[in-house]
């Protein structure tokens, strides 16, 4: 772990700011969050999952955040909440504020003609800002980022080092983009003429709403004609591929290695687990959850969880089953014949 | 969408250049391509898919490109073609030519000893060109690209910002490489000695033919001994992984997130849909199509489409099926016993 | 292939250094390794796989490395070993030593306050080193790398161009990190509060042991509270995603496009084949092998191979089987009824 944060709050101050019920000594000083197992003096822990309750009796933490039903499970100073994990998120953010970056444009950065950089923004070393770029108040453009012509970046947005944003894309406020993410590269638009592929110019943009987070090495392609749209509050993990003209509804979250093919519309408040793949031109309703490693090939109109994950078996057991898998049609036919024979036998 | 392109053509001029049959007023001015739904005056649309025909009656476009059978479906000025999508690709390219980049080497670029950069080429800011690099006529090396020693880059090829090409690789003419692509990193060559892995030096190169396009964050490893080869006209989408000594035949296209393991040879005119995975040391014939999310574990000698995609179900339905999936062998055994019993019963 | 290496050894010198038995003329000069098919004078080849034996009679190589059982299969000068592939790895490394890089800090590199760079280390052009960074003896930091505050990089470690390492991560000795890899970006830690996602600060680090290799565009997230740990000798191919708080045991190897979700512990001496996905919070024992494209959803306590790979079929055959796959429960029910009817019939 990183060294202790410099900040310290009393537990009472934290409870007041994050909104839970304080129980016990509110004057205890809290400097950092930690796991129950590794906590020490000055640390605040949380129990959001029943399986960690047992550790409450042995932890050396100074205080804990617990759910309503665990209120009396410990005598430690505590914050009690109906959503202890959200409470913990707020406490952790309070104790670990985003590092302030000094405003200003590094002398090695290159700023294109007509670019407007807010006075409170920070543009790091070796950044390239294209023509007519706009960088909002308090935004931080990390070392070596490339920001294409006419790109707009909202207030308080942070690009970590080596992010690339192609021309004309728009990024909202308080967005976080991790290193290696590529926003606005050409969509995979090709027409076939006698076996050869003709490139279709990709003239749409990528529009990213407020409070979006985009993981390391994730790629979001620009639209072919209309735009690719990521609505506010969407959270994308690492190594996700979002194809051209995809539309992702607000507050949807996707885990690592997910792929979404072109022109698919995904609703609001959805979750997509790791390595899932959604093909193109589909409509996915709000509040749909796609399970890990699942393939979505049809539109989904009802909220709920959808799955095609196949858990592994010991190799030999799997091989036997996989072999049968390729003969299912025959198996069904054999059962049908048995049914028929039985029914004939019965009649005779 | 981006603002209207500056260029304008009459529909007749476009028809002449892209080769379709002009029907109606050829003098109408066309400035941009658009979707039927969002088009306005000056826009050219296309109908390549039956499901968009209905929009022909309501579009505000100035002209359309349609197929033979849709020739009389609209009274708008139109270009009629047997391949309207290819026609559209050409019209869109005509109206959206690749932005010209001023030739010259940016003062912040570093050029290695013995490097030869064509006078008409553009080398962007913070580019690093290694020793003895060759950059062809009209080539554009985007900001922050790293081009290793002895790399050759053909005429009119364009590297978008932050591409990395390791030493000695060769890139053909009119190739497009998107940001974050890594060409020529070491293949995953390891020998095991008593549990520990010994690295095997990767001394092959990557050779990329003319007219190839490589998507954002795609990786193509250098060969172990011989070279990794991507033939002319191959199109690779984002986040594809091509392992060492893979050979991809001309005009093959792969969608996002595909993986191809080492030494596999893929034929010409193939397509590989998103998230498919092809294991190593296989031979895939020409004109093979691999479906989305499909796993290829054996060589394929016949053209055609190959699939192992498993579409998702509502979670509860899936769980029941997945549970059975792990007991297929037993199910087959039960059917066999029923068949045997029936046959015995019959005999008796 | 790259031109011949400058070095030359006699076969006897090589045998002495790599430890096999020399048979035949030890004075033959060896300059490079090659495949049996493409070798010429001065080349050393190997046969580790029975299917290449036939080529022994036609190769133009100067010498070969063979296994015990192939000792008499050729009259070429040879090195005989019980592990010819490991022998080959050593010979190839001897003939292709890692290129020496001149020590020193490039004038365009930026070095943060308090950073300590060993005199024998090389820091390339446009590198950014944060505050209090430590770079060990003989380390090579490639062009355009970003190394965050407080990062420690061990002796003889090499970062290829455009690697990003977030603050406070620690990289061991003799580690190789390929271009585009992102180490230490925030894990995907989110708490949900009434539909909106709250970010949980990720205050752990990434700790990488000695002799690890990390492929191009691979991402390894920093821990949420405790650290993400990659033990010594681990080998990761390209485009792998390692989530926060994952722990990978020593000498485990993973092929391209693998994903490992948060807090999973993987044992020592494991292998994970391409595109496999391991969900979060699992424990995988030592010496477990996960097959290509396999999904691991439960902890694995026994060594062995685990699989859920589904090989493809011609599309039409697959479709029929896949359709049945979604009706397995019904099929099982039908068989059950047949069994019951039969058993009733028998009784009656």
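Order of writing sets the labels: A, B and C. Residues in every chain begin at 1.
Quick note on the criterion: a residue touches a chain if its C-beta (ideal position, glycine included) is under 8 Å from a C-beta of that chain, and two chains touch if they have at least 3 such contacts.
Being a predicted model, the structure only gives us computed values, none of them experimental.
**Student:** Graph shape for the chains shown, where an edge means the two chains touch. Line, ring, star, complete, or other?
**Tutor:** It is complete, because no pair of chains fails to touch.
**Student:** State the superposition rotation angle between the two copies subunit A and subunit C, fitting on C-alpha atoms only and giving a multiple of 5 degrees from 0 to 180.
**Tutor:** In degrees, rounded to 5: 120.
**Student:** Answer with same or different: of all residue numbers used at the interface between subunit A and subunit B, are over half used by both copies?
**Tutor:** Looking at both copies, the contact residues mostly diverge.
**Student:** How many angstrom lie between the centres of subunit A and subunit B, each centre taken as the mean Cα position?
**Tutor:** 26
**Student:** Going by the contact rule already set, what residues in subunit A reach two or more other chains?
**Tutor:** If we look for residues of subunit A contacting two or more partner chains, we find 108, 126, 144, 162, 180, 217, 239, 257, 309-311, 313, 325, 327-328, 331, 335, 338, 342, 345.
**Student:** Quick one: which bits of subunit B touch subunit A in the complex? Just the residue numbers, please.
**Tutor:** 1-2, 32-35, 38, 83, 85-86, 88-90, 92-93, 95-96, 108, 124-126, 142-144, 160-162, 176, 178-180, 213, 215-217, 233, 235, 237-239, 251, 253, 255-257, 269, 274-275, 292-293, 309-315, 318-319, 322, 325-329, 331-332, 335, 338-339, 342, 345-346
**Student:** Which positions of subunit A touch subunit B when the two form their complex?
**Tutor:** Listed in rising order, the residues are 108, 110, 126, 128, 144, 146, 162, 164, 166, 168, 180, 182, 185-186, 188-193, 195-201, 203-205, 217, 219, 221, 223, 225-227, 239, 241, 243, 257, 259, 261, 277, 279, 290-291, 294-298, 302, 304-311, 313, 317, 320-321, 324-325, 327-328, 331, 334-335, 338, 341-342, 345.
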